[in-house]
Structure formats: C-alpha cells, structure tokens
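For clarity, chains are labelled A, B and C in written order, and residue numbers in each chain start from 1.
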Amino acid sequence: MSLLVRRQIPILIVFVSALLVMVDYFLKIPGTGPVVKDLQNWGIILTAFALGFGAVNLFYLHTRHISRRTAGQWPFSIWLLLMIVVFAVIGVATGPTGPQYSWLYNASYFALNATVYSSLGFYMTTGCYRALRARNAEAALLLVVGAIALLKNAPAVAVGIPVIIPAEAWLSAIPTTSAQRGIMIGASLGAIALGVRTMIGRETGFLGRLTEAERRGGT
Amino acid sequence: MSKKGKGFWARLEDVPREVLYVILLIVFIIPMLNPIGFPVPISDAVKKWYATIDAMPAGSAIMIDFGYSGGGEPELGPMAVAVYHHIFRKGGLKSITMSTSIEGPLLWDKVIAEVKPETYGAKYGVDYIHIGYISGTETAMAAVGKDLRATTNTDYKKVSLDQFPIMQGIKDASSFKLLICYTTGGDQSEGWVRQWYTPYKVPYLCSVIAMMVPTMLPYQKAGQIVSLTAGAQAGEMELLIKMPGRGIKSADVITLTHLLVFAFVIIGNIAYYGRKASERAGGG
Amino acid sequence: MGMLIALWIFIIGCMEMAKKKLPSFRKLAGLDALPEMVGRAAEMNRPVHFTTGLGELTGTVAPQLVAGLAVLGYVSELAAKYGVKIIYSVYQAQVMPIATELMREAYIRAGKADAFDAEGQIRYLSGEQFAYATAVQGIAERERPAANIMIGPFYAESMMFSETFFRIGSIQLAGTARGYQIPFFAVVCDYLLIGEEIYAAGAYLSKDAVQCGSIQGQDLGKLIAWILMFIGVLATAAGSPIIIDLLKA
C-alpha cells in the first residue's frame, strides 16, 4: 500500500477533523456546528462497529480456548460466551431498563462490580503496609502525610484529635493542590504538543512508526 | 542478636497479605453487624453542600448527573439518597437527572426506590425526572448545555419529554440554577467544570470517591466547584438532614479500617527498623 | 483560541529549530529500562504484558491512549527482536485495528513477520471497567508475564493491576497523566512516568528531531506559565488584576 494511502491520507483526515472541532468550539462559525455534530456521530457509530469487531475477537479467542481445551481456561470461556449471549438476547428483547434485564444486571453484574471495586480496599492496605516505610527523608515525609490523611479520614479520630482536621486541610489546600495544578498544567501542555504533532503528522504512533525508507522519503 | 530475632523482624516486615486481608475483613464485618456509633464530625464541605441546596429559590431547576458505576454505588449511593431527601423535603425544586454513565439509569432507580419521593408528595414528571443515559461524556454535557431538547427528547423510559410538566421552560444550561454530579470518573467531574461552569457559570456541587478528592481540589480552590465531598461523607449529610441511613452505618467501618491501616503502617515501620537494628547488631 | 494558536506557533517553531540542533532530554529511567524489561522476559521465557488502560479514542483521554500506542510500537519491535511474546490487553475495541497494524509493522521491522499472532497477542477483554480489570488479573495469574507495561489513561483498576503483577514478580513500568492514579502506581511500580512524561515517550524513544522539538516547545510553554504565575502573584498582591484579566480575555 502506498505511503499516500497508509500515511498521508489518514494524517490529512486527522488534521481536518481536529481543526473543524476546534474551530467549532472556540469560534462558533456558522456551518461548522452541523459538520462537527456529524463527525461526532460518526465517531459513535465507529465505536459501535468496533464493539462488534471486539465481540468477534472475543468469540474467536474463546472458541479457540474451548476447542484446544486450554488448561484452567476453557470452562470459563464457555461461561463467558454463554453470558454474552444471555445478556445480549435479554437486553435486546426487553431493553436496558426492562425488568428482566434489570434483574439480571442487579443480580450479577452490579454485585460483581461492587465486589471487585471493594477489593481495592484490600490492595490499598497491602500497598500502604509495604510502601509507607520511613526508609529515607522523602519516604518519612510521605509516611507523615499519609498518616495525617488516614487519621483525618477516620471520622471518630478527627473528633478525638481536632488538630488533625486543620492539618490535613492545610496539606490538601497548599502542597497537594499546588502539585496537582503543576501536574495538570504539564499534562495539558503535553496533550497540546501531542495534538500539534498528531495534526501535522509527526506523531504517528497510532499509525505505526515510520520505516527507514519512509523516513528518508517522508522528510 | 540471634538468628531467631532476625527472623522475627523479617517475618513481621513481610507479613503475608492473606493475614492482612483476614484481619481487615474481620474489622469490616464486626461494625457492620454490630454498629458501634462512633461520633462523626460534620465537615464544612458538607455544610456548604447543604446550605447551597437550602438556598435554592422555589421553582429552581437542578441538573443532577448520575455518573457513577455500580462499583461506586456503596459510596455515592447513600450521598445521592441523602441529597434527594433534602431536595424533596425542601420542596418546590425541580430535579432533572441525566446519566453520563451507562449504569446511571439503573442506579438512579435504586436510589429513588430507597428515597420513596411519594412520601414527600413528589411526583415523577412534575418534581423529578430522569432523561436517560447520554453517551459521549463531555460531548454529552456540551450538547445538553447547548440545547437539551436537541440532545434528547425522551425520558429514560423513552416517553416524550413534552408529556412532563417539569420540562416546561427547560432549554439549556442557563435554565438550571444548580448542577450536582455524583461520579467515580474524573472525566465527568472535570468535564462539568469545562462544559457547564466555564461557559455558563452554573454553580456546581460535586461528590466523588475519596481518592479523587485531592485531584479535584484545585477546581474547588479556584471557585469552579462550590463544594466537593467524598461519597464517604454521606453519613455527615444524613446527620445534617437527621435521617441516618447507609452512610452513617459505614462511618464506623471507615473509622476502624482507617485505624487498622494506620496500625499496619506503624507495625511495618517498627519491623523495618527492628530488622535494620538486628542486622547491625548481628554484623557488629 | 488566541493563546492556543500562539502556543501552537511556539511549538512548531521549536520543532523547526530542533532540526538544526537536537534538544537533549533528562533521563527517563522508565523508558530507558524498556530493553532491560523485555530482556528479562526473554531470559525467563515469559511474556511481556502491555496495556494502554481504559479510555476511548474519541474521548478526552485519547492523547494518553495515543501516547501509549507509541510506546507499544517500540516495545513490540523489541519483543519481536528478542523472541518474546507480547500480550496487549485491549479495553476499547476501536483500538484493535490500530494495534494490529502497529504491532504487525513492528514485527516486520524486526524481521519476524511470521511470529506475529494477532488473535493470540491482541486480546479484546471487555468494554466494562472491572470486567476488563479482572480479565487482566486473570492473564497475570495464568500467563505470569515477566514484565508489565501500563501507559495510558487508568482509573480505579490501576491499583489492582499493580498489586497483582507485583505479586507474581513482574517488573513494572507505569505511566499516566490522570492525576488520580499516579500515587497508586508510585507506591507499587518499579518505574513511573508522571503526567506529561508519557507524551514525551514517543519522541524520547524515536529520537525524531521534530518530535523532540515539540517537547522542548512544551517545556518552554511551562516556563512561560511559571513566569506568568510569578508575575500574577506579585501583581495580585499589589492589587492589580492585570494578569487575571489577560488570561480571562
């Protein structure tokens, strides 16, 4: 496939689309609004088609596991494919707010979701146990700040040791907020620079890196 | 020091995670089954949240985003319930809810079932409504802010919005006096700042999961968010409205588990220094 | 929009200047460690796991996803050269065609086109956060990768990934511009890229002059922001809102 089709045309599409969206956001030029809305709708439609592509990949991968009887995997693959079919059929038949789908969702997915989310508490406990050790000055500082935050977020302790509340409030308002602002500014500038590179075709990570021949021919 | 002493500190420094998990689990379960009733201070953030809603004039429309997933329900659900109790008890306010999370409508149903608005005389379509999940997160927020009816013309059960008195006069972001967001995702909590506060200056109350608070603080300090709370502060809101529920029951668990983690950290540090001391003594 | 255009012109200017003299970067230990991580996997005969986290190509975190894909291309080429299997866990299905093309080209560049198995190596797991998270944990437990690379937008599952891969003994590099998750990666992972360092990854790894120039432009932009802040603090303390009005305009 020629360089024009593999590189230049996708880059041109990225440039024009990004420019249109930005112009519509900042300048509100008549006529760009409907075009941008169409672009956004196309994005949603592409996502939906990509979902189908993902489902095909899932089916392929897991039927491969089932046919090969991959040890420790194939019974779960059968269960996964069965659940995909059950959720899809019931969801389409009754709609996402239908009573059957709601029951299925609440009884399985919602409960599992909450459970897995809750497991984060355990992971954080072991993380804190391992990480909050005063190995050096910075680690000691992290330990002190972490301890203050832990104690302030324990409501009864905050009542018993009132000084914790203004201490944590100062830590949140001054150093934490400042650091977060710095990270946000840096990340925003980084995203802008990445956007510029992407729009002018110099960030081709999403297209694959340039080969040596392309690099010689492209610059 | 003897080999046995060294072994002890090293073992204590590297306690198997299963032991930590079991102890944590026990500390979770006991206060859930047997509430202790630890005191809970009411923070300024929650008081401000309460005062903001209380100050809303009658007839004000409030946009509420149920932008959290099932995983965040135990933390944010109680806050949503307490706030709805406050809104319905005050009366005269119009709550228009949307979801930027696909699970939002289902979670809203759960919250409404718990609140029982009919006990306050509130009616669906008159005092409160859910206009459904709108995909696209910030795109959805921008679209709703620009022209709500162009973005969606039905409620979450696909009934035309024209049939509901609450939607009369509701056109875009300027129709709303307050924005409330419950979310587990930074895209939603930050997105509302960019898409509703910045262009339309709609006052914004935000409730997020506790770990998101430090990152959202710059927005609150800059005045872009009126009040920022962690969902775990639902118990404080319940105390303010004098309706204890799931939130205040969790407060005991939160206190004990935080103290337990603090104790683990102290033990870990003692073990670390104990091991170092024993190594120095053994090597000396 | 004026400020944005000015920033663009500034960045493009730096990119042009970089063609004459390549700017130097401070060391990013995480990115320098990538060959070591893939080499470790080769020695242990275990795969490398890569994930670009959650996030859509059409969403606000798309730049982080793109940054992750840039690193994926580099790591895929390394993995192909060393004969290591790389597993890419996909959350967003629309990334799959891009990843397939990216990794195929990487294998071709490494001269190992036949070794690429798209269906086995690029795995769409789920579009739901915790279903995806538990599936990745399943990959960790069953396939026990020697290295885990996580670059992109991550949410609550970050701690789950870090702890699980730590437990199985993987060496880990993580990078995200989502401030919520940086602390969790910091306490567990061996190497960390914070904030805009992930955006610099593509330039840092490719050593492309123009890309490096844009990083220099972004750093100079930060310097300008710092100067504005400093002047703003002084002006506000003196009672003048000049900088605030300038930025609001």
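Side notes on the structure shown:
Note that a contact is a pair of C-beta atoms (placed from the backbone, for glycine too) under 8 Å apart; a residue touches a chain by one contact, two chains touch by 3 or more.
Please read all numbers here as calculations on a predicted model, not as lab measurements.
If the chains shown are joined wherever they touch, the resulting network links each chain directly to all the rest.
Set against the Cα centre of subunit A, the chain with the most distant centre is B.
Closest to the middle of the protein, by Cα centroid, lies chain A. Between B-C and A-C, more contacting C-beta pairs join the chains of A-C. With centres set at the average Cα position, the gap from subunit A to subunit B is 20 Å. If you average the Cα atoms of subunit B and of subunit C, the two centres end up 29 Å apart. Centre-to-centre separation of subunit A and subunit C, using mean CA positions: 12 Å. For subunit A, residues that reach two or more other chains under the stated contact definition are 40, 44, 109, 113, 116-117, 124, 126, 128, 130, 132, 180, 184. Each of the following residues of subunit C touches two or more other chains: 58, 130, 156, 179.
Chain contacts: subunit B has residues 17, 69, 71, 136, 214-215 touching two or more partner chains.
Per the touch definition, subunit C reaches subunit A in the complex via residues 1, 4, 7-8, 11-12, 15, 56, 58, 63-64, 66-67, 69-74, 77, 90, 92-94, 96-98, 101-102, 104-106, 109, 119-120, 122-124, 127-128, 130, 133-134, 138, 142, 156, 159-160, 162-163, 177, 179, 182, 184, 187-188, 194-196, 198-200, 202-203, 206, 208, 210-211, 214-215, 217-218, 221-222, 225.
Looking at the complex, you find that subunit A touches subunit C at residues 22, 26-27, 40, 43-44, 46-47, 50-55, 57-58, 60-61, 64, 72-73, 76, 109, 112-113, 116-117, 119-120, 123-124, 126-128, 130-132, 180, 183-187, 189-198, 200, 202-203, 205-209, 211. Put simply, subunit B touches subunit C in their complex at residues 17, 69, 71, 136-138, 184-187, 191, 209, 211-212, 214-215.
Listed in rising order, the residues of subunit B touching subunit A in the complex are 15, 17, 20-21, 24, 28, 38-41, 43, 69-74, 103, 105-106, 109-110, 135-136, 139, 156-157, 210, 213-215, 217-218, 221, 230, 232, 235-236, 251-252, 254-262, 264-265, 268-269, 272. Those residues of subunit A that touch subunit B in the shared complex are 40, 44, 96-97, 102, 105-106, 109-111, 113-114, 116-118, 121-122, 124-126, 128-130, 132-135, 143, 146-147, 150-151, 153-159, 165, 172-173, 176-177, 180-181, 184.
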